[in-house]
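Per-chain numbering from 1; labels A, B, C and D assigned in written order.
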Amino acid sequence: MTVAGDWRQRLGVFLESTAVVRVITVLILFNAVTLGIETSPSVMDAYGPWLKAIDSAILAVFVVEIGLKILVEGRRFWRSGWNWFDFIIVGIALVPASGEFSVLRAFRVLRLLRLISLIPSMRWVVGGFLAAIPPMSTVVLLILLVFYVFAVLTTKLFGFDQERFATLGASLFTLLQIMTMDGWSDVVRPVMESHPYALVVILPFIIITSFAVLNLFIGILTNALHTQAVADTPVDDRLTVLVDEVRALKGEVAALRAALPPERPPPG
Amino acid sequence: MTVAGDWRQRLGVFLESTAVVRVITVLILFNAVTLGIETSPSVMDAYGPWLKAIDSAILAVFVVEIGLKILVEGRRFWRSGWNWFDFIIVGIALVPASGEFSVLRAFRVLRLLRLISLIPSMRWVVGGFLAAIPPMSTVVLLILLVFYVFAVLTTKLFGFDQERFATLGASLFTLLQIMTMDGWSDVVRPVMESHPYALVVILPFIIITSFAVLNLFIGILTNALHTQAVADTPVDDRLTVLVDEVRALKGEVAALRAALPPERPPPG
Amino acid sequence: MTVAGDWRQRLGVFLESTAVVRVITVLILFNAVTLGIETSPSVMDAYGPWLKAIDSAILAVFVVEIGLKILVEGRRFWRSGWNWFDFIIVGIALVPASGEFSVLRAFRVLRLLRLISLIPSMRWVVGGFLAAIPPMSTVVLLILLVFYVFAVLTTKLFGFDQERFATLGASLFTLLQIMTMDGWSDVVRPVMESHPYALVVILPFIIITSFAVLNLFIGILTNALHTQAVADTPVDDRLTVLVDEVRALKGEVAALRAALPPERPPPG
Amino acid sequence: MTVAGDWRQRLGVFLESTAVVRVITVLILFNAVTLGIETSPSVMDAYGPWLKAIDSAILAVFVVEIGLKILVEGRRFWRSGWNWFDFIIVGIALVPASGEFSVLRAFRVLRLLRLISLIPSMRWVVGGFLAAIPPMSTVVLLILLVFYVFAVLTTKLFGFDQERFATLGASLFTLLQIMTMDGWSDVVRPVMESHPYALVVILPFIIITSFAVLNLFIGILTNALHTQAVADTPVDDRLTVLVDEVRALKGEVAALRAALPPERPPPG
């Protein structure tokens, strides 16, 4: 092992040591407090520069930490989705937040989500979320298709409702509102005054999307139940024992047969 | 095989080839874009004729495709529900959209739903939805019965509320709103001012329909879980092995017995 | 068997014959239509007396049917909950609907619910609902207790809100609204303006009742899944076969042993 | 056993006797009625002193009961969470309810929750609730983190909306409202007028929190199903029988083998 390799290895061990992880965790929590305080204009008037300085210092630590990790791990760094996650949410804070990008300043707070990549149990829960997404893709595509079709349909049919169905975008938003059952009757009631049969369009939409969401839910649930069932069926162990016992028994009986006089002819 | 039969078979293979399915898929997606753009009045003013020409061209392709399918498959075509589905949603676009049928123009967008019949995974998901319907029919009928009874009841009791319970239709709509819990308190609060005991009517309705919907949901869920359980119980395989082993063992023991001196009298 | 007994038996068979059940079903459906039409004032002005006559005629048939059933079944009639159900909803229509009981006229429509007791599959579904209630009683009592405690609490704390929390009854209604998440933010936001810590009272209420309702739901679901699991475990049959086979095997081996020379001494 | 120990033991048996538990239950129910009546100002004007006297008397009984329990059980008393529960909710009523603590008077009603610690089935249900909490802690922490991050984000981005996103507290409340889908469209629609891309922030929040709540729900459900599955698998008994039978069979075969002439050499 070369000197350089040795140096890298030690640094890698150091970066993943409990002490460093704890320091980073404390910094994130502290940064959470300062970012929260920054939302108060009166506090910003009084201590603005101090808060910004603390923020920059913490950001610097994060940048150094990730820089060192890249140095140590090299190409391996980019193979982990969580490293990409850290890299991007820290990177957002480095974009010069002026001019048209000024809105990005607000997104600095995403940095607090590093807690997820730091704490294994959170990483595990989020990994569970993400693993549930691919099997849902067909149903999600189906929902998007139904949304689009009904958005075009309602824009053409109910476009006279200037606020809710005037454009394709407005219709998409209104349909999202209807799907979540949030004030759907307030949307449909005025439309039904001029178009009494509006419910013939809206009700199938509600039923189809409810059904599709239910399907998503059942898919995730059966998957979770299945995973658990395979993992810890209490029946398993005894069945394995049984199979072993019966096989041993078979061996015994075979040996028994071999022990009998073989030359005697069968009686049948 | 006759020349005509041969020609039909080749056309059938061609129509179901990956290339044709891809072309149709791309046409549907392209049509989705043009139909979406058509909802914008300003774009229609500028490019209306072009968009309509594209739409007619794509429709023509669909009509030809379905026509050829009917030619090739003959009576067999009408045995598939998905073919009926395609036939109807393409057929809607051919109805002369003028006069009292002008509203049908808006329904041309349903054509995009052909994506469902084209993509097998979507067809499978929708098939799953439809398969879940028949076992729910009793509960659905029960919900409809409860709805009707409460609609007559509330129309008679709360008909003074001109906007919400004046007619049977208005009551049905309002009860649908109450069932989905969307602003139900805004409906019931004013009624309770004059009829303090209105809740004695509304609360049972909410509880019964919630219970019935929950029942629907549990029915679909247990069905899904059952289907999965039967499909992939990990217990299955080992039990089958066990049954085989025990039967083999029985054969062994029977053979063993046969190998013993048969003439000796039983000791009992 | 006496002549009287014979007469009763024949009448009982007649009352439960498919023909009679069909006639009653058709009468209920026809009555559903007339009761629905009666909600329209203009139709009532024109055909009111006719509709009332039809209604009375159908009611008379129901009364006769139930009277004959009581005659035939005697005490046995009162042992079935469904008979009580029919008796009460037909009985309501016989209460003189004048003076202070006039509101009972509206409840005549409950008669349509006889469809449930007539159609076996509906009776089965409703029976399933009712069977789910007893195991839920503790959770329901807990919800009622939490409701009462929070109603007293919110009446005392937020009684200044004249519309929503002025009396115990108003608080109970508002808490029901909050529990169903229907416009809860519109209730809490104004209260929080004067009592910023109102959420410390409301949030636990939302969490506790959501949890309790979830518990109800899980209770019903696990019960349904359990019932199904016991009813149709595919594992069952093979296990039963296995136990039988192994027992038969044991008999074989015992017979085998008996067939061997008994006088030879054991080798150990 | 000393005289003092004997006296304590008898008192302990007496305090847990059915009679005492019933008296306490009746007192709680009676107190529930008086506390409910106290919310009516007109009744308080007429019978206020009487109601307060009854309340004090019942409170005195509770204080004596708990005091005696502490006397009897000593340190053991503090080991039960339910005893702490009783101690605290009775203790609240003893805080002098004047001056800045006057709001605590309203919390006297929490005393009714003693019903939970008195009735075993309720204690069991609440125990089930509490047992479900620890496994949810990671998901709950994740939800809190996401809430905080989006609260800072929306305060910075949509702070111009004076009523809904002006301060961190207002944003937290509004996000809670959005998560429960209660009037979320009324919140987002006005914001989208000036910031058309507001949905890019709000929609991920809705999806993430819905997913997390679904995850909570599935966690509790699979846990409940697992507990039940382990408790009462109908497969269990027969498998145990099978294992026993096969073992007995093995013994039989071993005995059989031993009974055969041991000196004969194996044929293979």
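Here are a few things to note about the model shown:
Following the convention adopted for this analysis, a residue touches a chain if its C-beta (ideal position, glycine included) is under 8 Å from a C-beta of that chain, and two chains touch if they have at least 3 such contacts.
Since the structure is predicted, the reported quantities are computational estimates derived from the model, not experimental observations.
Different-residue interface: chain A and chain D share under half of the residue numbers found at their contact. Between chain C and chain D, the superposing rotation on Cα atoms measures out at 90°, rounded to the nearest 5. Per-chain CA centroids place chain B at a distance of 28 Å from chain C. Distance between chain centres (mean CA atoms), chain B to chain D: 40 Å. Multi-chain contact residues of chain B (touching two or more other chains) are listed as 181-183, 221, 225, 235, 239, 242, 246, 249, 253, 256, 260-261.
The touching residues of chain A, when paired with chain D in their complex, are 32, 35-36, 38-40, 103, 105-107, 109-110, 112-113, 115-116, 121-122, 124-126, 128-129, 173-174, 176-177, 180-183, 217, 220-221, 224-225, 228, 232, 234-235, 238-239, 241-242, 245-246, 248-249, 252-253, 255-256, 258-262.
Chain contact summary for the complex, chain B toward chain C: residues 138-139, 141-142, 145, 148-149, 152-153, 155-157, 159, 167-168, 181-186, 189, 192, 199, 211-212, 214-215, 218, 221-222, 225-226, 229-230, 233, 235-236, 239-240, 242-243, 246-247, 249-250, 253-254, 256-257, 260-261, 264, 266-268.
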